[in-house]
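Think of it as A, B, C and D in the order they're written, each chain with its own count starting at 1.
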């Protein structure tokens, strides 16, 4: 695969992933959304099917990593590091693009995030914090615990991805990406409770930058003090998974 | 594929899609339905599995587009325009047929949409607006924002569909339609919040015509002032996806 | 396939189907169940994955029809009627066996269906009607409308099943039964609201007979006045689907 | 497969299974989790996708049994007993490892399981019992009924697993594990109501040992009086399934 194809594939794929992922967070948390308050099952399947949409689309161009933690885990496993920067650059650009697309999709909902302009009867009319649409926010702020959660959750993503390729027939039948997307649904359902499962540095950092600059009414903090955890945790977890994979398989 | 096969396939497939899609909206919103108020996850999976049912059924006859935005995206990509009218005609007829089948399936529920005839204790006894069973209704009425939402959501449907065919093994194993149907679930979960995701002109226009003429008690407005948006938005989004696909892949 | 294999396959497969299907209704409706009041999405996926479990298990022996409406639709399509009685007999025996297994699985819950023996704080202590665990109960009792609902919902099951076999690769990759089970999830989500979607004569009749004789405390009526509709509707719908399939494909 | 590969595969696979399974129970039941009170559908899919993650990862090394009841059912069917101890040992070590990983993932949530330290407004501030994160707790304590429930639910797991291998194409396309994981979702939805569906002796016993020794605040009882049922029930159910399979197929 050429650098150009890899870059374009990762930009498009990651943009789709973040459009779906940030989108489902907007759908569940913003007022005047039909999916308002529809719960964790919607969040988890929304992110998982974002992986499905983005990774199948990117697959023919770049293989569809969409996540520096996955790219890192593969590099640790294979020892091939020369394309890593292209992957990560594409993922970063794509994540920011996806966050902007989510903003445009929910533009009217973001504009309505003000006090007392409710058009639906009976809804609360206080603005809601909007960072959770773009980036992760821990339930309990505890840097060590939050970091450990992200490390374990990311290793639980990358180790299976590395191993799935060994299952006979899975790649040939084209269902590999489907399985990975259901794995991501599972990680959300099971391991997302404490931190909101970044498990992907660009998924968190790119949209956080976008959130910082977007003119959203009452958008609240972009919480840069937390931003290093969903970058460091997934990178450590991805590298760890590569090492475990090399040792065990 | 002959014109006859295409027409019959698209009629049957789109009718099944709308039967399931309008059906799940009826199931969740009408009184005296076992699925009453069962939430957005039910809506999204209901529409997605409607795609699964309709597209697998239509596939051997017409390939199962079921959506003029998909047909348009494929035409923009391939440059073959001569069968487009057969596809769209079949989709339109099928969408109206499906809406009528949904009406018949929920006939008793529609007839009970009157004040004070509740047979279940504790249910509200005001009629509910019925247009949402047939066609989309935006949460916030803002033509530009609604149009942008439909353009992005439809491009997020059509671009992946065009790309999915490039994944090795996916077509041969027959799981391509399954992936598309889960993509549609994802679009519903993530991008359906603002407008209810038409992402398909005939899906919205056909049932809106049927709603206009059906003798449903207290059916409420058919809201023709909004009707152009779920037609124009998906067509623009589908064409845009075809152009992006041609440029990137 | 020998008559013995067909019979054994249909008994085992239909027993598993009804164990899961009646089981999920018990899980959602009976007191002192962990899944109490968990909603329509649980009901629909429970029945669908019951099809997955039962039909994949029965497939090597009998092909896994598990439903006289499916057997009838296939017979109308192929013109082969000589094995129909073996299929239906196995389905009938299996459905009753599955209902008994569900009763045993939820034995303690059924025994606790009495006034004022709640072991969980805050739960209502009135007995609940138990027929809904075993057989279908319409939301609005209207024989013609109920019959039409069952006809349409069953045709929406059988016509796709007949057509799915034409999709290249679906059978060879072994995913055909998965698709059918997701189709059944979709029918539940979308078309189950009015009558609880029997879409299978033995699924309703077998367990209704079992319900009539089981010594469940406060079990309520077995409602034999309604019993003909979930038999006649699915048979008409299955035959109709066979005719449409022959005409269109 | 060498004993070493089997052991490593079962340790890793079962650890992932329990990380996801115990994780989703933590996610739904602990305070300060984003998935708090998100219901039975989340529990059931979380466990099922834990099977998907663990079994696909273990498959190339050990075949991915992850459950002594499955190993036993296969041994009864094939008559090959010499590797059983390696499988079960790996499953046991893996289950304990997974429980520890879940504890680390939800460390801050477990530490916050005390009276009156709520950081989220409006949440209850009484500690919750924590055994349900690690092991099963019946809704109604009735040893015979609980045992019967576990026997039936485990037979409904192992009999289909044995039969699934006979479906043409399912193994070759690599989708066999996906089907088994959806089967586990179905067992949870349909048969998990009375006892919380251990259906796996090490899944219950390993984490119960871990729970006994972990320093969780207000962790409540480890309930050793019940511990034999989720061991005996699944073993009986698995053996029964092997016998039925040998007789019927």
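The rule is short, and it goes like this: a contact is a pair of C-beta atoms (placed from the backbone, for glycine too) under 8 Å apart; a residue touches a chain by one contact, two chains touch by 3 or more.
Quick caveat: nothing in here was measured; it's all calculated off a predicted structure.
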Interface composition of copies subunit B and subunit C: same or different, split at half: different
Furthest chain, CA centroid comparison against subunit B: D
Geometric centre distance via CA averages, subunit D-subunit B, whole Å: 39
Computed distance of Cα centres, subunit D from subunit C, in Å: 27
Two or more partner chains touched - positions in subunit A: 39, 41, 171-173, 175, 178
Interfacial residue positions of subunit C with respect to subunit B in the complex: 39-41, 43-44, 139-140, 142, 145-146, 148-149, 152-153, 156, 159-160, 163-164, 166-173, 175-176, 178-179, 182-183, 185-187, 189-194, 196, 244, 248-249
Of all residues in subunit B, those that touch subunit C in their complex: 8, 12, 16, 19-21, 23-24, 26-27, 30, 32-36, 38-39, 41-42, 45-46, 48-50, 52-53, 56-61, 101, 104-109, 111-112, 119-120, 171-175, 177-178, 181
